[in-house]
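Below, each structure is written out as structure tokens.
Look at the two complexes coming up: chain A is in both, with chain B in one and chain C in the other.
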Partner chain A sequence: MGLEQFKNRNIGTQTYRMLDLGQTPTRGSDKFKQVVKRTFKGELFVGLWVTLRAMINSLFRGELHTVKYPLEKLPISPRYRAIHDMLRLLESGHYRCIGCGLCEKICIANCISMNTRYDENQRKEVSEYTINFGRCIFCGYCAEVCPELAIVHGSRYENASEQRASFSLFEDMLTPIDKLSLQEEYDGFGAVTPYADDHIKKTPLAY
Partner chain B sequence: MNAHNFIDKNKKITVTINGKTCHSTFGKTILQIARENDIYIPTMCYLTKVLPIGSCRMCMVKVDGVDGFILSCQEKATDGAVIYTQTDTLYKERQNIMKLYGVNHPLECGVCDKSGECDLQNKTTEFDIKEQNFTARDQARPVENWGHVSYDPSLCIMCEKCVRVSTEITGDEALQVKFGGYSSSIINVKKEKNYASLGEAAAVCPVGALVSTNFKYTSNAWELDKIPSSCPHCGGGCQMYYEVKRDKIYRVTNNYEFTSMCGAARFGFDYANQGVAKDAKAFEAAVKAFENAGSILFSSMISNEEAFILQKLKEKHGCKLISHEARAYQKFMQSYSRISGKNLYNGTLKALSESKGIIVLGSKINDDAPIVKYHINMASKWHRARVAYLHPIEDTEIKNIVTQFIKYEAGSEEGVAALLAEVLLQEAELPESIRSFLNDLDIGNLSAECNVGEEELFALKQSLSKKSGFSLVVGADLYAHPRAAHIAKIIALFEKYADFNVLCIPPAGNAMGVSLICELDDTIEGPTVGYNVLADFTLSALGGGDLDMPAMNQQEGTLTTFDKRVVPMHVALPYGGYVLNDIANALGLKAAYTIDYTKELPQSKGFKGIEFDRLPDSFDLVGNENRGYLLQSTEIKTDEMLEEVLDIEEFDGAVVYCCNAAEQFSPFTAKCDLLDNKTALWGSQQFAMVAKLQEGDRISFTIDGVCFSRMFKIDTSMKGTIALNPTFDMGLSSALLSSYRFSRLEFERVGRS
Partner chain C sequence: MEATTLGIVIKAIIILAVISAVAGFGTYLERKVLAFMQRRLGPMHVGPYGLMQILADGIKLFTKEDIIPQNANKLIFALAPAITAATAFIALSAVPVFPDFTIPSWIPLLGGTFVPSVAADINIGILFVLGMMAAGLYGPLLAGMAQANKWGIIGAARTAIQFLSYEVVTGLSILAPIMIVGSLSLVDFNNYSSEHAWLMFTQPVAFVLFLIGGFAETNRTPFDLLEHEAEVVSGYATEYSGMRWGMFFIGEYANMITVSVLTAVVFMGGYNDMWFLPGWLAILLKIAFVFFLMLWVRASWPHVRPDQLMWLCWKVLMPIAVINVVITGIVIMV
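Moving on, here comes the complex of A and B:
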């Protein structure tokens, strides 16, 4: 598209359609007459009818245009960063977190705190894990750094609480074991790219 | 190593490394010269404090005129050599070495404890290893739990550092290589009393193969704050870091390239007096108690500054200062210096480790001062030193380094010292009075009294002939001996006239510092105040006293070490209560902090007027120690008066020897969870017969007013009629023991269990 029409600043040659607004009263009696006419002719109700019609449509004809927020919510993007979820392994149901501590290290708000221990199966076990949501800035670094896709940003964004320091425990964020089948694989911030396999360098195997 | 004897170490040489001209002396390896000159050569298996291992080949360098590469860690530089440390071929070789290390190395850095401080991780990144072209069949290698340390063979890179420290440093040879090509691994051949070796091994392990079991998987290395400090337990003042997170000590590490630590230092860190708040009422009472005190009793677990505060209080209020162990040591050293002419002994640990002949007298050295034993072991391993161990009890733990064990009768230390002097000072140039003292000794009688054969002494003399560089290590048995003053004089002859490197190992804690700073008294008078000692009013860092005090890892201050070095300690854990300085301030002294006294420590005794915050705490690139400062020896007027050797009090029948087990020194180590704190009266089968005791008998006996209730247990490795009685578990009473360490056992039977 050329730029000619934008460069043409001569508005006088455009074909504007003028509205017929009638004559503006100049005399006092004419002005008074116009006020009386507008007040009693019912123009007010023309406007009110627009609102009323919308109300009737939404209440009785099911043509609601907004979301009934606390009762219903809009779907959000997988890249949205809200309250964290802790995911489980789909096969065994064991939580994915290996206690590597990278989320704790990378957290720029210093809101993640964890303790780990040596468990009976000679594995590293997370014995305590909290996130202080009063401090969390939902930057998403923890989800991005997590090597196991264990900590991810979920979709719970209602953070109102009675205290500024509202902590969340590991168990609160962990997928309930009975809802494991509903756990969705995360494809948001920090997830593996769709073509990750193509970039992996393979190691020779002796068997 | 023997070749060292023939090398002229003073010959100056010049080498060129990467175009830089480096001046050094002959006998140093290329790597040492490079490090002196701040030139980087990558290494994986090199550990400065042991002999070159040469298992990794990372330190290869190119030398002009030499085909192939040279291992810079082993090869001594020759004059005029032109050396290159970074070339393209070297880089590729090193890359391949790192790739080989990576074969089947589990990719579990995420949970590995070493992650973040791992040599393998660092070097893999440094050499840009992005892919692996080597492969080998992986094998099942289960994790082994060795007690204090667990071993994961699949993470092990077989650098052999751990084996070397257990052989060359700690000396109990607990770890060995099990050879088998790709399936080689490290094995632990000593299942008991292996704290020190395992701790050292875990410290030097460049990967996560050897990790403290207690620490394993509890924290990432980078989350821990390293607080530099010094270990207060035995008086060695070893360099250490407390690694702390959220007011909890997770582990103790050290500058393992250059220094070593015993098990107590490494695993005995949880003795803090925590959860203490300021108790104003108890504080008032404490101030009052100090005002009325006739004597202040204190143990050796005290910093130089606190000891100085007590000394100032003595000067102000005229109370007596009582610290039995330190007092005995002080008297011993005073007497010693009347011969040697200096207020400190001349010995150092470094000289000890370079000795060719070592005599240990009057100390169960492996238990009393492990770090001294390590240095004896170094001399034994590096210089094939002859080690003569003179003691009434044979110690099987040091059998491998002792070349001659001479057993003497308990109580006959004076005679033994005189016999040693007679035999070893024959060629020395002695003043007339001393020569005649030695000539007048009734050797036959002495040797019979001490039960030391003349042929044994002759053999000792023979073994030391044609050697030079001798050390004499004496210990706590002598200090509380009734004839300590005279023994000290005889020992001092070795320093003064035979050029021996003499170490008078102070009793556990900061006894040396206390003996230098405080004017101690012998007898207790009036109402008593005790600092970590049970008294009428007790200040205690162990809990259970009338007023709480901070433990050594909760306060700043300095310690005096075996090396006569004043080293700083820093605060590892917070403390909420009152400290000794608060009491001193209430009594009229004036100092904002305890460490304000560091610069005021008595310069007449060799301390320097350096402020605490200016004390250095580091090592240079080649391991020269720059921690705190060395005490300056001061001249003392000598009088060469030797007396006659007295007949000994006989110790026949069942005898007990107050001696803590290895890695236990005081009630503070007793508090530590990781240290073995089982106590019993340990004796041999023979002892059981003499004392008419059976295994499992519970008896009670009293030494210096401290009542012990002990179960008797038979230790089959022991011989003779002397049993070992630990004292570390006696809490606030431990420091009340003041007499000679051997005593006749007079007991009451309490029962059996």
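Moving on, here comes the complex of A and C:
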């Protein structure tokens, strides 16, 4: 199952059609005629056949819609906003966050808090970074505002835990250094669009 | 051979044991069949393919806290589930479930005992069964009125409506087969169809009417007015929990089996040998088919409103049943 059919939000482009239900009878004779017509039309047997066909298909052709959830999982949309991930630079392995603080500023739930300092090379480094997931409303503004694509929304949606702290520290969200090769570029909110190159224009310096 | 007291007691025990077990298994079958018709899997986790789900449900029902609401009429509230369950099993005493058999003589104590097909082969068998099943509706009626709950009251009122509607149809529809066979005993019905064609083919109208009436009698889906969750929470069973609720459930499933057996014996040839099938297997298959039909219909059709049920039973089905009886009478006379 692809994601295309879910991405189509343009109502009216699908192949809907109106049902012709006809007029509701008002006179007694018309009502009687409708009852007789419906009784002998065999619509009830059509209904029986529909369910029997579904049963045969599910029993012998495996056309079942059940997902045995903890054992099987459905793919989620790349735009899904689950627990945040902190990404690393692919070349150096250093975390991408430059400590600009924009995510902390834009957070409407006030759940991001960070401290930064200058390291020995006079480069900003993140000394403390936490997200309070008891407050986070997963609006995605932090991922959208991040200039470095450092904080993004990941795919961890099973956030039952004994402690909130199991999710919220910078190290927990950061891509593990040994899994750097598996790190995927974020496709959703705030990410570069697939055809971004085509839309680049020259900066109008003439004026 | 004459039925002895011992044979009848054995038969009663067999009926009680088999039907309670089958009623429990019926809930599993219903869930599975409905699930497959809705492209789901149904119970899967307790035992292989969820087979032990009945056991889990039983443990849950038995150990659940038994709550009696504060303003309920406690005696009637406690009595009502027993009425449903007991009448369902009493009705089964006059129904032939398996053919006659004699216990082999090598078994100690019981050897050579003749076990009849019917526990009580009374000469008004079919009237007794229908009457007992009708009396079973006192269960929902009293339960709904005793529990001091508005949903229960609505459920009880709907019980009365349903009872008034379908009872006429079942009675009149079965009258034509009774006229043809000339007896009220279910054993005579069975013997009749061993020599003649099935009554299903000679009395198709009565067959359809009896099925419709039977669905209403067992509160199955096109007519499950008294506890339709979407409308009246749980109707007469709203305040019930634990084993009392479980007794309503067992009663309902036993009633489903009774109606299946009645349909199989009266209209579908009973427990006579069929082609290469022995009689006991033939009737089991027929009962299973009618039972499956009930689940199938539940998955397929929406249910009707109370006023539609009354309209259907009084204005459509009753006239058809009367006409059927009159025409059958004329044919028999000529």
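In this text, the second predicted complex is superposed on the first by the 123 of 207 C-alpha atoms of A that agree within 3 Å, B and C clash if a C-alpha of one lies under 4 Å from a C-alpha of the other, contacts with A are read in each partner's own complex, and residues count from 1 in each chain.
Note that in this section a contact is a pair of C-beta atoms (placed from the backbone, for glycine too) under 8 Å apart; a residue touches a chain by one contact, two chains touch by 3 or more.
Since this is a predicted model, take the numbers as computed values, not measurements.
S.K.: A:Tyr118 contacts which: chain B (first), chain C (second), both, neither?
M.R.: Only chain B; A:Tyr118 stays clear of chain C.
S.K.: In the overlaid three-chain picture, which partner chain does A:Thr203 touch, first (chain B) or second (chain C), both, or neither?
M.R.: It touches chain B, and chain C stays clear.
S.K.: Would you sort A:Gly99 into first (chain B), second (chain C), both or neither based on which partner it touches?
M.R.: First partner only, chain B.
S.K.: Could you say whether A:Pro147 touches chain B, chain C, both of them, or neither, answering first, second, both or neither?
M.R.: first
S.K.: Would you tell me the residues on chain A in contact with chain B in one complex that are also in contact with chain C in the other?
M.R.: Dual-contact residues (chain A): none.
S.K.: Looking at the complex, which residues from chain A come into contact with chain B?
M.R.: Chain A reaches chain B through residues 98-102, 104-105, 115-119, 122-125, 147-148, 201, 203-207.
S.K.: Which bits of chain C are touching chain A when the two form their complex?
M.R.: Residues 33, 36-41, 44, 296-297, 299-301, 316.
S.K.: Looking at the complex, which residues from chain A come into contact with chain C?
M.R.: For this pair, the touching residues of chain A are 35, 44, 47-48, 50-52, 54-55, 57-59, 63-66, 68.
S.K.: If we count contacts the way the header does, which residues on chain B are in touch with chain A in the complex?
M.R.: 110-111, 115, 130-138, 143, 213, 216-220, 222-223
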